[in-house]
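What follows is a pair of complexes built around chain A, which joins chain B in one and chain C in the other.
Up next, the complex of A and B:
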């Protein structure tokens, strides 16, 4: 049976249990998403954004899906960040159902609980799915099955002193499992804070994760998002991120793939009001036969906004990396300042990197640049370092770490930055 | 310390060094001069072990060992230092991190314990003073965004950190203004001891006002065609190379 039909059948046969305990509006949108998936089908290589990702092959075959809460073994504790607030997701579900309030006044916890709560239900209803694009098949697929996830709400003026961590762990020992989660971050006017999202996996079984995250960044709000993909080889993730920014807001996103699992990540930013600023830094490291596919879109819909993105890829062995970027400038988005850079490093003759930065500009007074490079390690630099006494391997490592540092340094939280550097170093040993 | 006998080397099939003979003893300063394209930088690169060059004939011993059998890093760890004519920029790699690894690799080679963070910082401070290198530069990426003068100072700073037995300085004076030249050259002089040796490759006599050589060699078409004392450099400055080349031919 084709993968799409399989998924839709599974959805239809479990429709009652999937939506149990969730608000009517939440489930109504779920069926809209199913209709959208039915209409558009799973993405094929004919679709530009999925040129290098075969989603059909990823989801075909027999997958277990659990629509009831189960207990998962606690993964090894993450992050040496003592004073962070945490939302723990286990195979897509919040480990703790209660919503919590931070000392600064932020609300965080289970998305399901928030959607059902009298206090925050309206906020979830207002903003969930507001940024996401349901015509994107993997976004629709996640929405169709999602039962829980993370909710982070920074009311107007809240200034966070500590980051909020969404610790999303995936675990299966036996059968192949598919799980889904959604995260919603709402930062109201002038709120400031940092959100760290970590994806990691344990266990011997295969697992496929559908994840969608939306961030709504209000007027003059300033949000930092750090996302880490530290997945085992048997865990794959399709992660769609949507960021909507209003006037004078700033959102800085840094993401880093240091694990061995397949990652298909899309970062879509819409700048909807003047003077919004978006920065995105991404780094992916692929060794062996791994594959990582990064999509990035900045949509300038209002004048005087600025966006910057830098995506760095390193591939060794027979690994494959791909990047597709798009800067879209609407007709009245005058004085847009947009930059998109893709920098890549190939460490072997058999590794491959595909990079495709694109511009689509309808305004006439804009400053847009894009660039892509694919190169190898600099032999001169390696010679130079060896002449000072470093071994060839140390010199290579140092140079790749230097290449990666451009991205890693943008992590706002020092402990997280150190943690990512350690994971990067660990990954480089395999490259 | 260094003994070069009948050294021949090629790059891309073209013979650049055609029988170099050179003896450098501890405590000595040698200057190598010569017209452009005579093979000066090639000699420095071959001694450092640059893999772009192929040694086709000859012997080189360094402190009693066969230098030509050693890898680039082994030569460095044994105490051979090359000051680059064009120091390489390494984005994202901080000077201090790079030097810490280099110093500790060399210490490991000598069977010494690695320096602690405190000891290393102290060493950095001490040695950056030798060439008046701003401490800001040591926290930046290696040579990235350094001016020409800063890059050359940085080479001598690294030499000070690594304390080599033999330093080969490849046109360390090129691209320096008068003040930077003085700082770099006096830095080199300060580092000179009876136990180590220096080979400076230069086009200009003015460097040798600071670094007074015991021997001046003239390299032409891959051979040392003439050796003299420091007065030779003055004569070359005044008269050029023609008289030597004509004699040689």
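Up next, the complex of A and C:
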């Protein structure tokens, strides 16, 4: 049976359990998403956006889906020493259902609880799915099955001192499991804060994760998002991120793939009001037979906005890294300043890098540049280091670390930055 | 800004080369089926293998659909409403220039390139392709001395069947895409060029394409073979009469470059782009591909695209031989409602191969101009090197400029770079020129020609002059 039909059948036969305890509007949008998936079908490699990701193959076969809460063994604690507020997701569900309020006044906790709450239900209803594109099949798929996730709300003027961590861990022992989660970050006017999202996996079974994160950045708000993919080889994630920025807001996103699992991540930023600024840094390290597919789109819909993105990739073994970027400038988005850079290192004969930085421009007073390079380590630099007593291995490592550091340094939280550096170093050992 | 309004008002200057020549043409009924394919083949007196090839292509074409991935808005094309064959009824005898139809000669005169003058002054051999059958081939004897074959493809099929059979479809197979299948089924004529081993072609070879009879799609087929150590520079230039009805042009150009040989292929394309409301104009869906088959082969594409309502064109190079070099220089200019999706493909297969892409897009009016390019480095392509530069210039705020580069690298020793910028002509630049007494229009022409200079300088001399004129004509009035 085709994968799409399988998923839709599973949805229809469990429709009552999936939507249990959730508001009517929440479930109504769920059926819209199902209709959209039914209409568009699962993406195949023939679709431009999914040229290098075969989603159909990823989700075909037998998968378990659990629509009720289950206990999972606790994963290794994440950054126990860091001073942070935490939302813990276990296979897509919040480990603690209660909503909490931070010292600074931010609200964080389970998305399901927030949606059902009298106080925050309206906020969730207003912003959830407002940025996401349901014509994208994997976004629709996640929305169709999602039951919980993370909710972060920064009321107007709130300035966070410590980051809020969404610690999303996935675990399965023997069976193949599919799970879904959604995260909503709303920052009201002039709010400031940092959100860290980590994806980790443990256990012996295969997992496919569908994740959608939306961030709504209000007027003059300043948000920093750090996302880490530290997945085992048997865990695959399809993560769709949507960021909507309003006037004079700033959003900086840093994402890093250090794990061994398959990652398909899309970062879509819409700059809807003047003078919004978006920065995105991404790093992916692929060794062995891994595959990583990064999509990045900056949509300039208003004048005087600025966007910058830098994506760095390293591939060794028989790994394949692909990047597709798009800068879209609407007709009235004059004085746009957009930059898009893709830098790649190819370390072996059998690895493959695919990069595609695209521009689509309908306004004339713009400054748009993009660049892409694919190359190898600089022999002269290695020679220089070897002259100074480093081994070939060390010299190579040092050069790759330096290459990666351009991205890693943009992590705001020092503890997290150190943690990512360690994972990067560990990953480089394998390359 | 009064001047700007005025200039924008006469933006849609009439197509200078819009006229029809009254040469009687012989056509076959509209539509396409197996019988039409057979009829074309029969009318041209083709051998059986070619008829079979056409039919295979036709049957394959039936299974295909028109590609939709390009950033183009193509109105539906009724392929059954096209006349697939038109030949001048009175086939001129080809002894001297005097015997060429005076109407045709006047046509060339109107284009500003009198055939005899061109022949006398610049030493260019012109294979004038009017509609589908080659009417006049010049300088054949001079070339024949060197052993160079330069003739229409139908003559080549008759006189050099082995060569044609060996190379036809070897670079662009009929199943490559929708338009190549269509072309392979119904191609009426085109040019064939063979440069023997070690021969340096003493003159630039040139074909002047014209689309003439109303409603006849032109399906040109060009095949160039440069044998070991040879050199040729080939020019292709196009103008077309003004028409209301959209005309379809689906040409195929194949180039085979053998060991140590070099081919330079230059195009100036100025087909009718449609009027300023976007009515009419030619659809230009062309497949051009060359292969550097032997070691040290060199292939260079230079194109200046100013015409056509819709352009879909990606001159490509397959760098199969070791140390082969490929270049692509392009200026694509769109105005009014023109749409262009053009670029190149560089496929690196051999070792130490190098390619360079310089693409300059200029969009004005309400046009859409896209660059789409692929650079692929295959596994064994050690030390492959590519540099791509794609610049876009926007004139006016209703046009679009897009860049879709694809890079696929499978060899770690490869170095692939891509750079792109998008900008407009700045007020400061214009002000500076105005201050020095240049009209805004002249200033724009100056700036654009400077912008495109890197590409124009790659054109052979007489072509460069024409290209500059074309840019200025296409640009008239479009000030941003």
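Note that in this section the second predicted complex is superposed on the first by the 429 of 431 C-alpha atoms of A that agree within 3 Å, B and C clash if a C-alpha of one lies under 4 Å from a C-alpha of the other, contacts with A are read in each partner's own complex, and residues count from 1 in each chain.
Keep this in mind: a residue touches a chain if its C-beta (ideal position, glycine included) is under 8 Å from a C-beta of that chain, and two chains touch if they have at least 3 such contacts.
These numbers come from a predicted model, not from an experiment.
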| item | value |
| --- | --- |
| A:402 touches, of chain B and chain C: first, second, both or neither? | first |
| Partner chain(s) touched by A:364 [first = chain B, second = chain C, both, neither] | second |
| Partner contacting more residues of chain A (chain B vs chain C) | C |
| First (chain B), second (chain C), both or neither touched by A:390 | first |
| Partner chain(s) touched by A:352 [first = chain B, second = chain C, both, neither] | second |
| Chain B versus chain C as contact partner of A:381, first or second or both or neither | first |
| Residues of chain C defined as touching chain A within the complex | 69, 71, 377, 379, 392, 394-424, 480 |
| Footprint of chain A on chain B - complex, ascending | 48-51, 71-73, 75-77, 81-82, 84, 87-93, 97-99, 101-103, 105-106, 109, 141, 158, 162 |
| Chain A residues touching chain C - in the complex, by the definition given at the top | 48, 331, 334, 344, 346-376 |
| In the complex, chain A residues that touch chain B | 378, 380-381, 383-392, 394, 398-399, 401-406 |
